[in-house]
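Here it is, the structure in full.
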Amino acid sequence: MNAQRSEKLTFALLLAATIIVVLPVLVIIGIVIKNGVGAITWEFISTAPRDGMRAGGILPAIVGTFCLMIGAMLFAVPLGVFSAIYLNEYAGDNLLTRLIRLAIINLAGVPSVVYGLFGLGVFVMFFKFGTSILAGAMTLSIMNLPVIITASREALSNVPQSFREVSLSLGATRWQTIRHVVLPNALPGILTGIILEVGRAGGETAPILFTVAAFSLPFLPHSVFDQCMALPTHLYAISTQVPNIGLDVRYATAMVLLAVVLIVNFFSIMLRMRLRRRRQW
Amino acid sequence: MVAPNTGDSTPAKVATRDLSVWYDDEQALKSISLDIRHNELLGIIGPANSGKTTFLRTLNRLIDRTPGIRVSGQVRLDGRDIFQDIPVEELRTRVGMVFALPVPLPMSVFDNVAYGPRRHGIGNRKALAELVEESLWAASLWDEVKDRLDEPAMNLSGGQQQRLCIARALAVQAEVILLDEPCSGLDPVSTSMVEDALVGLKENHTIVLVTNVIAQAARISDRTAFFLMGELIEVDGADKLFTLPADERTAGYIEGRYG
Amino acid sequence: MDQPIVQTRGLNLYYGDFQALKDINLSIKPRQITALIGPSGCGKSTLLRAINRMNDLIAGVRVEGEVFIGGENIYAPDMDIVAMRKRVGMVFQRPNPFPLSIKENITFGPIIHNTLKQEGLDNLLERTLQAVMLWDTLKDRLNQSALSLSLEQRQRLCIARLLAVMPDVLLMDEPCSALDPAATQRIEELLHELKAQYTIIIVTHNMQQAARVSAECGFMLLGELVEFSETGQMFTNPTDQRTEDYISGRYG
Amino acid sequence: MRTTTTPLQRIWEFFVEKLIFLSGFTAIIFVVLLFLFLLKEGLAVFKTVSPQEFIAGKSWYPISKPPQFGILPLILGSLAVTIGAAAIAVPFGVASAVYIAEVAPPRLKEYLKVGIELIAAIPSVVIGFIGMVALAPIVANVFDLPTGLTALSASLMLALMAMPTTVSIAEDAISGVPREYKEAALALGATHWQAIYRVILRAAAPGILAAVMLGIGRVIGETMAVMMITGNSAQIPHTLLQPVRTLTATIAAEMGETMRGSPHYTALFAIGIVLFLITFIVNFTADLFLRRAEARR
């Protein structure tokens, strides 16, 4: 077989592998929608569960998930973005920054359930927040931190050095340079990373399992020290803990969760595409 | 080493003494002693990696940003040591820099020129407008862009962008302007417009022009310095250096034996 | 007079809407060095890369006209590009040896073209490295990484890697721009050696280099081939005003 | 206009910069805190069992009397699932990384990347749910098993979850190989595929290894999906067709029922330490590879 022929065959095989990798995601989304859409009613998304979660809706879980997403970002975003600025704009390459870098990649790889343990011990027990929205949001935010730092740092380092040099050569200070030249140009990239993590905060289960989640709580939270329901834990509970729940209700819950997460991701993808089109340096 | 050229009676605007620069273990500049006079246009020529750009970036301390950099010796601006006596922001305000490729910031023409003054606390719209006009005028760009001030600076042609960068340095009232091969990306017409702008600026500014085109240095510089492998080989009036160089290596470079 | 080995006829090249080459008609004679000069952005590298279809790699490139290598139009639809590139080798601005051993760099071409057995490994290594004057320095360290070499040695290795596939034409895109004066001089000497066997087309931003090494020379400006003539003629008595402007340093 | 900054501005900048420095250290503080905390709570288990019994003990019966805390079945459970997932994820992941980085036309490349990102976006509890209700019955049918909740089902779903990490990092590594190598190879008359497998893949090898490691790290740390699909039986696995229980699932499933400070509670934290150490090693090695890849450019 000559080189060109074997090349064609190999590329076809690679394409096949790629399809096998990407196709399941569409299958999963398809299955969830097909089986769940029938059970989605206005009542389902606007009322609390009744009858041991076998009837009624999932409103408290939706609200709880949004509370956790927002809460997690309140902590993680400022801390993460500032850390990224430090690492990219101020820190040189020395032992300390290497340690920080190592810490960040390690944090990014820690299993989510270990974050759950950490949140349980530190926020629930040590700081005595109890199982609460506060403890859960803090736990999620620490889990989100490394990714936000990494994404922000990448966005910052994509701003051309020449922009910084121009600003400095005009006598601007370091912070002025960051504030007026670097940050505005890195912002879309930073936002992309943040939105991605909002989605992850909404979909994670293990870290909130013992820090915030209520099994069933048919009313909405009033303060950050309340427990709340959340979509992922709710799906877990009705799938494994509660017998005799209609499969369509479970699929519908999965569909709502998937919708929340995918819509958030969709925004992130749109933002990045716009960013790529706009960038011209 | 070359003795500092002090034949002129006016004190130097910028003076370096035994200036050496290392990148980690590699010495990029070797004991440079050079006086740059008030309101002269000093050309710097030399092959790639001869230290021209390093020299330029040392004069306004942009070199500080390079990891692993080490500097020894002195640089004085109007007699004051730039590493000790002058805050770095002030130094960079007074000693402006124009880079090899034009770097318009991603904002409008007006905002580009106003960027520096705004950082120095000028917020008054009218004062800014005047300053912008003056600077663009001095960079020989006003007529071409006066109706396009709100357009993104990226829309200008290469030659216009480069003059915009000069105007930007003028807007913070730079006294010394450093230019690092400013015409390397430009066509002949744009090149001659930038050159004309530089010659016009000479009246009130000290200009240091690094160039890889020997003819450009010969055309517009008052004096020319020749760098080779981190050393200052010689510096002399352009008429002399290009016709009767004192050093064999300068002659070799001008005749194009290397580079 | 030899037949031209490379010929372009009405060659136009576009990057999207931008026309980078305008109606280029060029004839390159075999076994001599031809230089292409001009200010940056004039299209000289683009023209060079059109001669072995390296431009195919760039999205949005459109080519009109013909390029003949030894009488064969390489832009013909049924052209075997791979076989053509084997005949028309290229040396790049930045030396780019593969991150493999010195030996693997040299054997790369012969292995993919199944010619290694015919020549034999030892012969191949000695022939190519001798030709670029690296044999004596490197013969005992052929298994070391090519990235351990100096810039000049890397560029020589890249040339040796090319000679291993026995091309007819060598395209060189500013091969000395990353090198210091002494290395430049030695590479130029190497070019003089090589031209006995190979047709060399060199793109350079250094006019003096073109004057030193080439027999014929083309001056390009804004995508046009302004002037093409015998090198001595071009540098002493150019026919076009723009050539004269460039040679006397009015640009850049 | 020489006066450049006002005192107020300077004070403001001072504080902003200090805040920035402080944030830089928080990441380190959290890692140290996380590890110290796990140590503090987890090491107490060794009052009840010896380290050998804990790591090599063959039975995990935390609520029998006396309780038995041997995590060997859990380690082997994690291992079985991980090997199964890696066996699928590595070849397919690397193949599609090559396809996306080198072969796919630009338009298709965009769509494929979005598709890969969507996989990453699906919450693991949804993957677990689908595995449980849609995949497990199929597996049970095909292999004629009493239940489809097995290591194999989990491996299949986890391979999918490892994909985004593996593909995108490997793709970065491949696209990061300097263009010049490819040009040089093509200029020697190589076909595109010859350039890929003889030069590009070898130049990208450290990055691809890192991608594989990080994908595996993702699988080891995954919790919800394995908890829902593996069948959660803490026995030493002999084939992929039987139920297993992983380290992560054990923590998630049992933490809700323990008393604070009880041996069971500390045992779960000790499992946390084990997980932390495993992922630390995985990430650390992957980072070494990545830095080697970077140094090569």
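Chains here go by letter, A, B, C and D, matching the order in which they are written, and residues are numbered from 1 within each.
Just so it is clear, contacts are C-beta pairs under 8 Å (C-beta built on N, C-alpha and C of every residue); 3 or more make two chains touch, one makes a residue touch a chain.
Every value quoted in this text rests on a predicted model; they were computed, and no experiment measured them.
K.L.:
Where the contacts of subunit A and subunit C overlap, which chains show up?
P.N.:
B, D
K.L.:
What is the chain whose Cα centroid lies farthest from the Cα centroid of subunit B?
P.N.:
When every chain centre is compared against subunit B, the largest gap points to D.
K.L.:
If you tally contacting C-beta pairs for every chain pair, which pair wins?
P.N.:
Of all chain pairs, the one joined by the most C-beta contacts is A-D.
K.L.:
Centroid from C-alpha atoms only, then distance subunit B to subunit D, rounded to Å. What do you get?
P.N.:
Inter-chain centre distance comes to 52 Å.
K.L.:
Calculate how many whole Å lie between the centre of subunit A and the centre of subunit B, each centre taken as the average of the chain's C-alpha atoms.
P.N.:
The mean C-alpha positions of subunit A and subunit B differ by 48 Å.
K.L.:
Measuring from the mean C-alpha position of subunit A to the mean C-alpha position of subunit D, what distance in angstrom results?
P.N.:
Result: the chain centres lie 16 Å from each other.
K.L.:
Rounded to a whole Å, what is the gap between the Cα centroids of subunit B and subunit C?
P.N.:
36
K.L.:
Among the residues of subunit C, which ones contact at least 2 other chains?
P.N.:
Within subunit C, residues 82, 112 contact more than one other chain.
K.L.:
Which subunit A residues reach two or more other chains?
P.N.:
3-4, 171, 173, 176
K.L.:
Where in subunit B do residues touch two or more of the other chains?
P.N.:
89-90, 93, 119-120, in rising order.
K.L.:
Applying the document's contact rule, which stretches of subunit C touch subunit A when the two form their complex?
P.N.:
Interface residues on the subunit C side: 82, 112.
K.L.:
So in the complex, which bits of subunit B are touching subunit C?
P.N.:
47-49, 183-188, 191-192, 212-216, 218-219, 255-259
K.L.:
Taking the complex as given, what residues does subunit A use to touch subunit B?
P.N.:
Touching subunit B: residues 92-93, 160, 162-173, 176, 180-181, 185, 280-281 of subunit A.
K.L.:
Please give the residue numbers of subunit C that touch subunit B in the complex, ascending.
P.N.:
39-41, 177, 180-182, 184-185, 206-209, 211, 222, 245, 248-252
K.L.:
For subunit A, which residues count as touching subunit D in their complex?
P.N.:
By the definition above, subunit A touches subunit D via 3-4, 6-7, 10-11, 13-15, 17-18, 20-22, 24-26, 28-29, 31-32, 78-79, 82-83, 85-87, 89-91, 99-100, 102-114, 116-118, 120-122, 125, 142, 145-146, 149, 171, 173-176, 199-200, 202-206, 209-210, 232-233, 235-236, 239-240, 247, 250, 254, 257-258, 261-262, 265, 269.
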